[in-house]
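Some structures are shown below for you to check.
Each of the next two complexes has subunit A plus one other chain: subunit B in the first, subunit C in the second.
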Partner chain A sequence: MSASLEKGINVLKEQVDSTVAAFFSSCVHCGMCTDACLFYTETGDPSKTPILKAEPLRRIWKSEYTLSGRIAKLFGLGKKVDEKLLTDWETLVYDSCTLCGRCSMVCPVGNDITLLIRKTREGMAAAGHAPEGLIAATKRSVTIGSPMGVKLPALQAQIRHVEKDTGLTIPVDVEGADYMLLLSSMEIMHFPEFIGAVAKIFNKAGVTWTLSSEAFEATNSGIQIGVSDIAAELVQRTVDAAEKLKVKTVISPECGHAYMAIRWDGPNLVGKSFNFKVRHILEVLDELRQQGRLKTSSMDTQKLTYHDPCQISRRGGVINEPRNLIGMFAENFVEMSDRGKMNWCCGAGGGVSSNERADEIRLKVFQRKKDQLDEIKPDAIISACSNCRLHLEEGLEEYGMDIPLLSLTEILAEHLED
Partner chain B sequence: MNEIDFLNWVRGPGFQIAVIIFVAGIIIRLVEILMLGRKPNLAEAKGSAMRSGLRTIFSRSIPEKSTFKRSTFVIVTGFIFHIGLLITIFFFTPHILLFKDVSGLSWPALPTPIVDAVTVVTIIALFLVLAHRMSNTVLRFLTNYEDILVWLVTILPLITGYFAFHRVGATAPTLLALHILSVELLLVLFPFTKLMHAFTIVLARWYNGAISGYRGVQS
Partner chain C sequence: MTDIPEGKDETLGDVLRQRGISRRSFLKFCATTASMMALPPSMIPTIAHALERAKKPSVIWLSFQECTGCTESLTRAHSVTIENLIFDSISLDYHHTLQAASGHAAEEARMAAMEENYGKYLLVVDGSIPLGNPGYSTIAGISNYDMLMETAKGAAAIISVGTCAAYGGIPHAKPNPTGAVSVGEIIKDKPIINVPGCPPIPVVITGVLTHFLTFGTIPELDHIGRPKVFYGQSIHDRCYRRTFYDKGQFAETFDDEGARKGWCLYKLGCKGPTTYNACATTKWNNGTSFPIESGHPCLGCSEPEFWDGGGFYKALSMPTEDISKTVIYTAAGAVAAGVAIGAIQKGRKNSAVASHSKTTIDDLEK
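Up next is the complex of A and B:
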């Protein structure tokens, strides 16, 4: 056995806990998770069955943590995890799963299949079976501080542009501010208007906030590729900056997995509870709305819909907040048929967009979102994740549809009372 | 061994062995799952893990609308044969007498003709389940030998029970002995196959609901 395979197997063993054992023990091979997965519904390929994607982890659980599996192993029986299995499974685990979590909502025995696939990734990555694109993004995150290689001067340049455009000051490294805002590299490079929108809203609401020059990156390639050590290191950078600036709350921006990383996985990765709160930008805005600190003056008459980013809605718990906020300015808001916790993924989450090998399939499975949009024919789509937004734009273009994508924070800022 | 000896063995030692393996097996399986434990969640909660976990144990029995539309056949046949098994196992007079004998507990039975009809419906549903498993691309891809074995040991007690009740094909003692033997086969395999989901489903649904509920989403 090669050293990397052995490492992968050991990491898979570490992933097994009572949830994993209960889930694998309960699967009855009913196939309902398959119907819940856009990588199956849009390809018709049964190998995309969600529970099968966790097969390497299942084999380790069976052979190491069950009586019957251990007895079988004694006699040299039972299915093994080998180099070939991991090679065959790499594209299933990384290219054909966005960790969207829809299968976990549908499984009749209650298996959190997404958690099993997420844990399988830990073993795959340790055994050296992660996609090149994700490995490169992860390396850049560790060495440069951003998966896209965005450095502080690039952020500073964007800040200068935003300050010029808005006439507002973008606070950086302000000690004792209430909020510390994180940004995704995508927002810095593609959607700097987001920074201006936050500045405008916070200025109106009288909120003290800051960016940190030492930890402005919200994304976390470690949780996408499945290397907890790296994920923890990246979370720790944010924790150190938040403690240094003594902020009360860290804000996760419009990015799905970033929220998962800092809000739900973060404290568990670094092994201690945070001494500050973590909130998604939409939660912060909705709180300001509740306190009456946000007032809109104009209404939008377009037919608008909301695309739920999986890690923010289904996996993150921020489902009502965006709808409350949209209600402040949208006259003609229409929901898609499956929404909120049952939404369909755009097809590019969970590291799929960083993995060039998956470019073809992610555009193919976009058909699911296209069908949903065809049903309601909106004038514009609101979302709260830059990754969804970029991929939705690309998908719409690919399928010849002309529907603009809007950031909820940005459109809210536009409708604020002057 | 004549047919009376055979019947006496399956009712006596055979049954005891099967029940011991069934009970011990289930305890071993549940202990080996629970002993693995879970790390505490250090993130600040947004909702109640316990309330959501408890709720999901029940709510997962009712599929959400779009899921029902996509997996109608599996859900409908699944409901029919599960309810059928519940009725035939627990609401048939002779079975209730057996449970009373073993545990002292007793409850009202359903009229025998109803149980008889339910048996037929359940057998038909299970054959449909198998036909679907073999003809559906996804299910055929998913199916392994354990799935077939479990299907077989589930339907055998229904078929042997039906024959024993109607006394078709052999003498009454032989038919009854075969019925009891088929149940023993089911009991012995139960803890070591996917049949175990009857127990672990509570854990799986609880964990799913708790993980999701902690983040403020009712799963």
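Up next is the complex of A and C:
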């Protein structure tokens, strides 16, 4: 109960580095990021301009680290960061941004605007301006080990179901395995078929793998809420488990921000490089495909399309792998108009789905995805992020559309050669 | 070319007919001039009509610190062209090189022309004016400065022909021993048209004259007094070797493969990108070619300070002077300032980091 404005301001000061200074000083106020943001295109509200969302951080940079700003501050001038500003900005920073990164792609001066918003969240959280839903999820992550409150017995129960369905053993805590698979709570609770699919594929390909009973959760609420201290603590759990089981590679599952958290932010958060590799499940599967260890025997004649999860495609660079894999079984694959690194976010990433206050706006901005889907009218949508999947399902229902959602890993397993 | 008293009342039309120029060729010239000067086709009859009836305008040509290259350029035509005839048709009342009269008679011709056409004659100047010591250049015992001031007083307009008259040119180049300046730096109360170039393209002069005869005004000028129609585009933009520049294909020496293939001369010092002139389109020697077409980089002769603009064979992106010391001192200063500011900034940030208390889940709410 110790969040305070003072703490928030101090954290924002900490967040300013040469990158932040370079970004803010090179912004030419062209407004190109505005049209790249689905929260603007679907609402027409100019306050949703991406760079504006980082205003609290910009004010701190200006008043603390620039000459003109310091002089203005000396005379009591300049724009201040106060409770009112943070209250006003709460919904912009947390509800109207999924950290999808599309704005960073279009910035003509190359500013990573998403990073600025992510850093702004650090100060917001420390000042006590994070949304309730995210705070609760973060607490559960730290105390229980999962943002959804999934405990080990729940996972063990699901494993038993999967083992019964597939007839395969799901390895847990196997030392020296090549791969350690992480899971998102959503997969454990909503899509346990994913575990079975991985087991089937790895069994066929002859891969040794394991789950860890101590660190099975892939998601990282610390990243979403914007508290690096907590994010680091959660990453450390995975690192400890991977080191304990002496695995060569940790696999991030079908979850967007989990991949970003463990692969790209992870080493920076814990302050050292990992002694294991981190790969996304699609990267691992595509590697097996290249090695000829994956063979499909049946084709899918449905009109299929692929929804790129932002953190996996745009921020993560895993763009060709899913298409290579889809090519193994899809006869009628169609792309959406904006895809790959320029895809449109589903509207619920970056912690927006854990934030009940944002329910209305996330369904409103789903219109963007709906328009994209209306253009190509697919029979089914494949994706590789449980969060995208859940929100797409919800959005489609809201807009009265009947298109099933498929997990790439699961559908690939279905088409595997027997 | 010299003053022919009985021809004074003849119109341009009369002269052209006497010289056997057909109406068709005359109209063709008018059309060419109109298109060159970016005038609408509807202006062609207007030009023709005006030129037909134009009384031979009196022109006084003063040559100061110059090399006569401009006169050479303007009079050297391999075949008789209408451009030449237009020249022949003006009443060139005073021109050192071209007039037959000499000594007192020559100066008297100038005084007479000034008196007779006061307020109406055109003054053409080539060469710069020495202000350091008037004795550096005098004509009939009169300093260039005095002669310019005296002659400019009754002129309708002044045409500064060549880079020397327009911007000071080579006499103005460092260290400028004579204190040479351009016409524009002395005369402030008359319309001045700069026709720079070393030498300038003849057709530009006739174009300006035609415009003056047709409309009684001077054409639109750019920020440094040059007619926009001729100096509106850079050599680079109109260069036929531009495609090689865009593709990054450059001649590195004058005898390499690239030079033989006719690639871009940028790296050999071509000033095309910063030079505004019509060479690439009107070309020289009756449309034969222009320097780049002959394999030599543009020198940038129609630009102010062209002689001091760095070596002719130094690429534009290279510094023009020996600035190594300045660079070192500036860099050293900047580094010192950067370190100092960086230290202050670092201090601010460090104190923020130092006062960081680890955020836990208990710190997320107020």
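FYI, the second predicted complex is superposed on the first by the 415 of 418 C-alpha atoms of A that agree within 3 Å, B and C clash if a C-alpha of one lies under 4 Å from a C-alpha of the other, contacts with A are read in each partner's own complex, and residues count from 1 in each chain.
The working rule: a residue touches a chain if its C-beta (ideal position, glycine included) is under 8 Å from a C-beta of that chain, and two chains touch if they have at least 3 such contacts.
In this text the structure is predicted, and so the values were computed from the model without any measurement.
Steric overlap between subunit B and subunit C is present once the structures are superposed on subunit A.
Of the two partner chains, neither subunit B nor subunit C is touched by A:P404. In the superposition on chain A, A:N268 makes contact with subunit B only, while subunit C stays out of contact range.
When the shared chain is aligned, subunit C comes close enough to touch A:K13, but subunit B does not.
Of the two partner chains placed by the overlay, only subunit B lies in contact with A:N111; subunit C stays clear of it. Touch criterion met: A:S25 reaches subunit B, while subunit C stays clear of it. Legend: residue contacts after superposition of the two complexes on their common chain; A:K139 is shown touching subunit C, with no touch to subunit B. Annotation for subunit A, partner touching more residues between subunit B and subunit C: B. By the touch criterion defined above, A:A126 reaches subunit C but does not reach subunit B. Within the superposed three-chain model, A:Y65 lies in touch with subunit B and with subunit C [touch as defined at top]. Of the residues of subunit A, those at positions 16-17, 65 touch subunit B in one of the two structures and subunit C in the other.
Contact residues of subunit C toward subunit A in the complex are 345, 348-349, 352-353, 355-366.
For subunit B in complex with subunit A, the residues that touch the partner chain are 28-29, 32-39, 41-44, 46-47, 56-57, 60-61, 63-64, 66-67, 70-71, 74-75, 78, 136-144, 147, 192, 194, 196-197, 200-201, 203-209, 211-212, 215-219.
Every residue of subunit A that touches subunit C in the complex is listed here, in rising order: 1-4, 7, 10-11, 13-14, 16-17, 64-65, 125-126, 128, 130, 135, 138-139, 142-143, 225, 227, 229-230. Interface of subunit A with subunit B (complex): residues 16-23, 25-32, 34-36, 40-41, 44, 46-47, 49, 52, 65-68, 104-112, 115, 263-268, 271-274, 277-278, 313-319, 337-338, 341-342.
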